Amino acid sequence: MYPFDDKPYEECGVFGIETDHIGPQPAIDTYNALFALQHRGQHSAGMAVSDGTQIKYRKNDGLVPDVFNMDMLKTLHGHMAVGHVRYAANGGTSGVNAQPVLVEFRGEFYALVFNGSLTNARGLRDEIERAGGIFQTKGSAELILVAVLRELLKTGSLEEAVCHAMKTLGGAYSFLLMTRNKLIAARDPGGFRPLCLGDRNGAAVFASESCALDAVDARFVRDIEPGEIVVSEKGKRHSIPSGLPPRHSVCMFEFVYFARPDSVIDGLSVELARQAAGRCLARQDNIEGDIVVGVPDSGMSSAVGYARESGIPYQKGFVKNRYIGRTFIQATHGERVTSLNIKLNAVKAVVEGKRVVLVDDSIVRGTTIARVVSVLRAAGAREIHMRVSSPPFLYPCHFGTDIPTRDDLIAARHTFSEIEKKIGVDSLRFLRLEDLGEMLRGLNISWCDACFTGKYPVPVPPNG
Amino acid sequence: MYPFDDKPYEECGVFGIETDHIGPQPAIDTYNALFALQHRGQHSAGMAVSDGTQIKYRKNDGLVPDVFNMDMLKTLHGHMAVGHVRYAANGGTSGVNAQPVLVEFRGEFYALVFNGSLTNARGLRDEIERAGGIFQTKGSAELILVAVLRELLKTGSLEEAVCHAMKTLGGAYSFLLMTRNKLIAARDPGGFRPLCLGDRNGAAVFASESCALDAVDARFVRDIEPGEIVVSEKGKRHSIPSGLPPRHSVCMFEFVYFARPDSVIDGLSVELARQAAGRCLARQDNIEGDIVVGVPDSGMSSAVGYARESGIPYQKGFVKNRYIGRTFIQATHGERVTSLNIKLNAVKAVVEGKRVVLVDDSIVRGTTIARVVSVLRAAGAREIHMRVSSPPFLYPCHFGTDIPTRDDLIAARHTFSEIEKKIGVDSLRFLRLEDLGEMLRGLNISWCDACFTGKYPVPVPPNG
Amino acid sequence: MYPFDDKPYEECGVFGIETDHIGPQPAIDTYNALFALQHRGQHSAGMAVSDGTQIKYRKNDGLVPDVFNMDMLKTLHGHMAVGHVRYAANGGTSGVNAQPVLVEFRGEFYALVFNGSLTNARGLRDEIERAGGIFQTKGSAELILVAVLRELLKTGSLEEAVCHAMKTLGGAYSFLLMTRNKLIAARDPGGFRPLCLGDRNGAAVFASESCALDAVDARFVRDIEPGEIVVSEKGKRHSIPSGLPPRHSVCMFEFVYFARPDSVIDGLSVELARQAAGRCLARQDNIEGDIVVGVPDSGMSSAVGYARESGIPYQKGFVKNRYIGRTFIQATHGERVTSLNIKLNAVKAVVEGKRVVLVDDSIVRGTTIARVVSVLRAAGAREIHMRVSSPPFLYPCHFGTDIPTRDDLIAARHTFSEIEKKIGVDSLRFLRLEDLGEMLRGLNISWCDACFTGKYPVPVPPNG
Amino acid sequence: MYPFDDKPYEECGVFGIETDHIGPQPAIDTYNALFALQHRGQHSAGMAVSDGTQIKYRKNDGLVPDVFNMDMLKTLHGHMAVGHVRYAANGGTSGVNAQPVLVEFRGEFYALVFNGSLTNARGLRDEIERAGGIFQTKGSAELILVAVLRELLKTGSLEEAVCHAMKTLGGAYSFLLMTRNKLIAARDPGGFRPLCLGDRNGAAVFASESCALDAVDARFVRDIEPGEIVVSEKGKRHSIPSGLPPRHSVCMFEFVYFARPDSVIDGLSVELARQAAGRCLARQDNIEGDIVVGVPDSGMSSAVGYARESGIPYQKGFVKNRYIGRTFIQATHGERVTSLNIKLNAVKAVVEGKRVVLVDDSIVRGTTIARVVSVLRAAGAREIHMRVSSPPFLYPCHFGTDIPTRDDLIAARHTFSEIEKKIGVDSLRFLRLEDLGEMLRGLNISWCDACFTGKYPVPVPPNG
């Protein structure tokens, strides 16, 4: 069952495609793309498909392969589609909150998918409610769609309506809006969340990450620019500037952890950014280690970078059980606690007696890494030197990531030496703030690092 | 996958309860009641529970036991609940269209469940859209809730808002509207669809049929009157007349087929009405039969009435496989067609060589009864005299039942003797229109028989 | 999980078919037939199909539609098949214990399905173990198959091996044994459990009950005689007498409760036997009742007979929820107990103020009928006169039915007037032993009534 | 559905534990251990638990988390348990063939789990059948258990029976045999398949791989020696030599691919053996590459070794979708073929324009690696030099691995330069046979490399 008051923000992935041929292909493409974006949201999945006359859809709780099957996809005929994977911030989730959000309004159909978090959601919603608007979800996707349609009543042009609505939206948003014959992509002026454009034999493809373009064999064309609107209709694409001054604040966390390493965002390869962070760490370091080990899977890229820079050999210190799924049994009370090594076991022959440089991408609450460290200790590691390829998290995020409140951030409440003790390592170092520039060298636009600095690029609600 | 354009009408069942104690009981009661109302809708089920502070809900496609389980119910704590089972007219169905419809509006939560069909849905929706309203479903439940909330903006009182909204609604509707602390029941001025009030130790209980009161051990108090609004709040109930002139046109079809025989609607027992129809048929009849056999389960009650009036012995001529569920295999092509006798077998020892008076409640398309007759023939019945305990269906319904268009109604396209041949019986008789009064003796209010007469009690759309 | 020590006896249903054409039809027929026999066993289902070269099979826990689906059936190509539904006596069940039992032995394949209970299972098993035989289940099906194959080692002829093995088997057994090209049916000399032969365009069909012949559109040919062996091979059938003296003791309980009313067993229609029992009850009775009501579904046939003989009108006093399945929620502790009327509700309009003659087929423990009576009382029945269409159960069964030990048999521990009080009726009568002859008039062979009389037709184990 | 003639050989994993306390812990341990051994068999899973009085079991098709849940485990009380995961060689699989195999024989219960493949299965089976033995499966587990029990009839001692039976068994076998109070582990004289002994606070633990000891927090004690029998009973363990001359031929393939890298087998770490193979490859190589990339996950360890030896930087050239499960949709015909990059995408930023040394563990049919290469090409790799960390497969395996017949082995039918073309690489090298000694340095016993050399250490069937 679901509480009605889901937190409004969500980590998500979006995808859209416009082809020139009606058939099952757009639905199958969307399936493949959503599967490639699955890491951006595991709680629900959905897609809507247009054949020019009507829009059919399917959405529900669950992973992409749980929500769709081939028989279903083959009946979702159309020439356009939008799709969505959703992460529900507080565990509360519901097929009802799944995206796309769909509306039939004055004879046209609208399907919207959204990634981000509006900073002024409450105020905007109150304003629309005062004007008679009625909402069925707490979700920002519904809010954005209603805001656009209310502007549409005034302007008559959907493109203008999107422009006008964007002027009222605060915070982070990348969205795709599909009617029966048109696909509109929009990215907020800060460009907090990624959104890119691809092309497959003339078909327009939009996706949160470029790895989804690869999944449908589309060629990467370019990133949607902060504050830009791109319209694809009948095989033609054109760009509309929203007129909002771009502030360029793409989310650091995409490079640190969230995006897939094979994606390229705003000109920078995620994999290379992570390796660069590892190299920076090594350059500042003077520890004598025997091997460098990355925490699977999040610390692997940085560990490769660290090893290469330091000359300390890179090693596979862990084996991750590749059958881990959502159904794993939890031995809760009384019985011997299921140790973490069910999921992640250390390779004793590799780590025993060694001084291990252990690399991970970030430390949030510190509980998981403490268990990882204990597995390494049990396998006989002599010393463990933790190296974190991002600065310490000190401030909550208001732009669509699930970084918790300060009370839960271990680095906000403890000194480094306290953290060392809590997680059981011999030494601990984080990436320095001043190294972010090195890590993100090659990024086309500026970034948001408010979670490290507290310097939010746009106004945020008082108690987020 | 779901087409966006679900037909707006639905056969459904609703239930609501207000108790004075917060706990899992209202959710469990709603489960039991929905299970008793399962015959009114098998496509989706849902409930919302209020604990005075928040409203939690659960709804999805499927039968009641598919959508809920005990672990789930035990977490749905509250003192009030509303629930719904839904029949999707055209097979198109979706967890998204499941009821209750939920809205958070200006700090209050609203959950609405609905049974019926609005005759002016399109016009009403267009009007609200022109005023800026935006809809996410084609469903009348959302339409009614939006209509009420728009009135609420004007009046400030929810009860008044319901009154005002009812003045704009045409056709058939029984609905329950729950806020965090209030439960409102409303029945349209025609009283097309049933709605009754029960009491369990002071707790108010509302249900589409009295059999759901039995399922929660509640005492039947009375039917909600056509055009009446009943409010239950903090253990107190009061009635508000809507001010709409009652037209009294409860649906005949509830007595013919739809309602459960153990329900009492507007003062008349469904079982006794069906038996009375059987008696009327016998009184008009001069056929010489050896046995009277009812088609399971729909013709059993009328067959008992016919047998008693005619003196011809009642017999169980069929055995219905009691394990039939939704999962039964269909042998489609090539293989020997799965004969109907998998589901329904004739008792040869009973029917062989006999002149059978075969009683069923209605004939719509005529395809199923033709197969039943062939099973009886194969078992050796000498003569088969079909007696139908309702007049022939000639006109479509606009008030929430799934009677098809004239093109599909066998009686609208064929003479009686053609039908006899098509379904393979030796003689065929329907209940006479003038016998409806006898069948429905004891009903407190007038009834709608437009499906037999074409005389619709309220204006209906030109091509329904 | 399953205890290893399943009780060895089982209530079951068997089916077999030999056609002259290889394809999916025999598997589909077996599916349909097992579905018709589902009432004989709901715990597991299975079938084996031979195409002359190999035998494929599928068996598992669950109802027939749970174990099989059409895709699966279409791959089970063959010209012969045997199938089984199984009731596990003590709730313990396992896909491993499901039948058919399969063996590959000296280059031939054997599949056996079985209904009954061996009285000398323990002794026979010990004997075979002493000779080096090894068993993987406690089931009698495996025991019979091993016994046959051990005889086969001696004789070389499978038919003779079956004959010889039958001489060693005590108690009740009907079984079908399929090799790649032969189908053998055998019924014990007592004929405790039913087994009949049908024909469909030359194809031989065997089934526990004739209702399964109807389900595959086969014509009933005759019952397999007690002690008879029938072999079907390449479209030809011949009968082999086992040489065992037939004792003719078909189980009464098949007619009282177990078999489907549309089946005919050893010449007698189950439905007519039940009606005859009702008529006997009425003939002995002098109660003044207003209506006769049968307990669904088991008492319906007898109620029809009682009503007809007594002249008291037959009425449908109950409505059974037709969506009841295995998944129904049990409100266990704390919450208001889910009353029986969720499954079975009384029709108040029919029973209120009435003197009800309530007819059921049997009373074993008395707990269920007490709840049924209380539902009737709550609906306002003035008097309730219980009439049971079988004599009181006083002795346990050793021949394959699940009648419990004397300690659980209400009639074995209480006087009639005590039972009246316990179940809450105004009067109680059972069918008299001397009326069994009348009830079973038309039966070709003698019957076993040991559960009423304690006179077992064959020796039984000391403490069964 | 399942053909009756499953191929008799199986890749599997076994686990057993004897504790001194009755409770759910042994079942939970077995669950965790089987989960750690899941890579050894994904088709079925099972366990049997003894509490000293009875043995309960559960086995079925499916992955470990599909077959078991916590509620189930908590009811499997006992002090001992054995468990099994099974890979069905030809796709044919059945809950019926799942292990453990269970037998009740002369008042004792026996549960056996087995990994390996008997080379004389057919002959042994024929011999036992001639002596009256009857089998229900084609599986070698049943065959071994029957062989042991037949010896038990002669000797009276289970330990002796195991000894005697082992003298009749040819080929590869590691098995665990549990009675109500005793746990016996045996490994064939060749030691083809691994089996090790662990200890947790005095409790004896047996497992196919040491990673399963880690999963239950047990300490590795030692490998069971080829030809050794270890008995654990009431907390005491003793070793019995089988008397068979040990031939020491542990399977190479365990080190090449099959075992988990965190396991240690016969004294050698699997991870280190793979790295050593990579180092050997590099040492023989003179290619000029820019980066070394391993094929996930099988080539990662060797790639690390290659990179270290060669000095060419190790890189993560691929991203594997971590949500890949068994349910992934296959776009079969008509639609754009789902490219491999759904599962495995290249990191363009890493490989573009690079000369890639691509390392994998083995090439069997060559189809998968061809697709991996094409993904790398599409991402812009300039040159691709394939390095395989095992010699070419030329001969089928008869000892329990799924290496296909010669017709399917690409290296048996093609020259190296043909293979280069078929898989699309610029150069191709395999590990040299003479380097196996270097790779397996540290292994306590000799190994079997018949799949590379055709020199089978024991006689094998003529056409396997």
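Some observations on this one:
As written, the chain order gives the labels A, B, C and D, with residue 1 at the start of each chain.
Note that in this section a residue touches a chain if its C-beta (ideal position, glycine included) is under 8 Å from a C-beta of that chain, and two chains touch if they have at least 3 such contacts.
Quantities reported herein were computed from a predicted structural model and do not represent experimental measurements.
Among the other chains, the CA centroid farthest from that of subunit B is the one of D. Separation between the centroids of subunit A and subunit B, computed from CA atoms only, is 46 Å. Taking each chain's centre as the mean of its C-alpha atoms, subunit A lies 37 Å from subunit D. The set of subunit A residues that touch two or more partner chains is empty.
Interchain contacts close the chains into one ring where each touches exactly two others, per the touch definition above. Inter-chain contacts occur between A-B, A-D, B-C, C-D.
Across the interface of their complex, subunit C is touched by residues 24-25, 28-29, 31-32, 35-36, 38-39, 42, 63-66, 68-70, 73, 211, 214-215, 217, 260-262, 264, 269, 271-272, 297, 300-301, 304, 307-308, 313-316, 318-319, 321-323, 325, 327-332, 335-336, 338-339, 341-342, 345-350 of subunit B.
Interface residues of subunit D, counted against subunit C in their complex, comprise 1-5, 49, 54-60, 72, 75-76, 95-96, 101-106, 109, 126, 129-136, 138, 142, 145-146, 149-150, 153.
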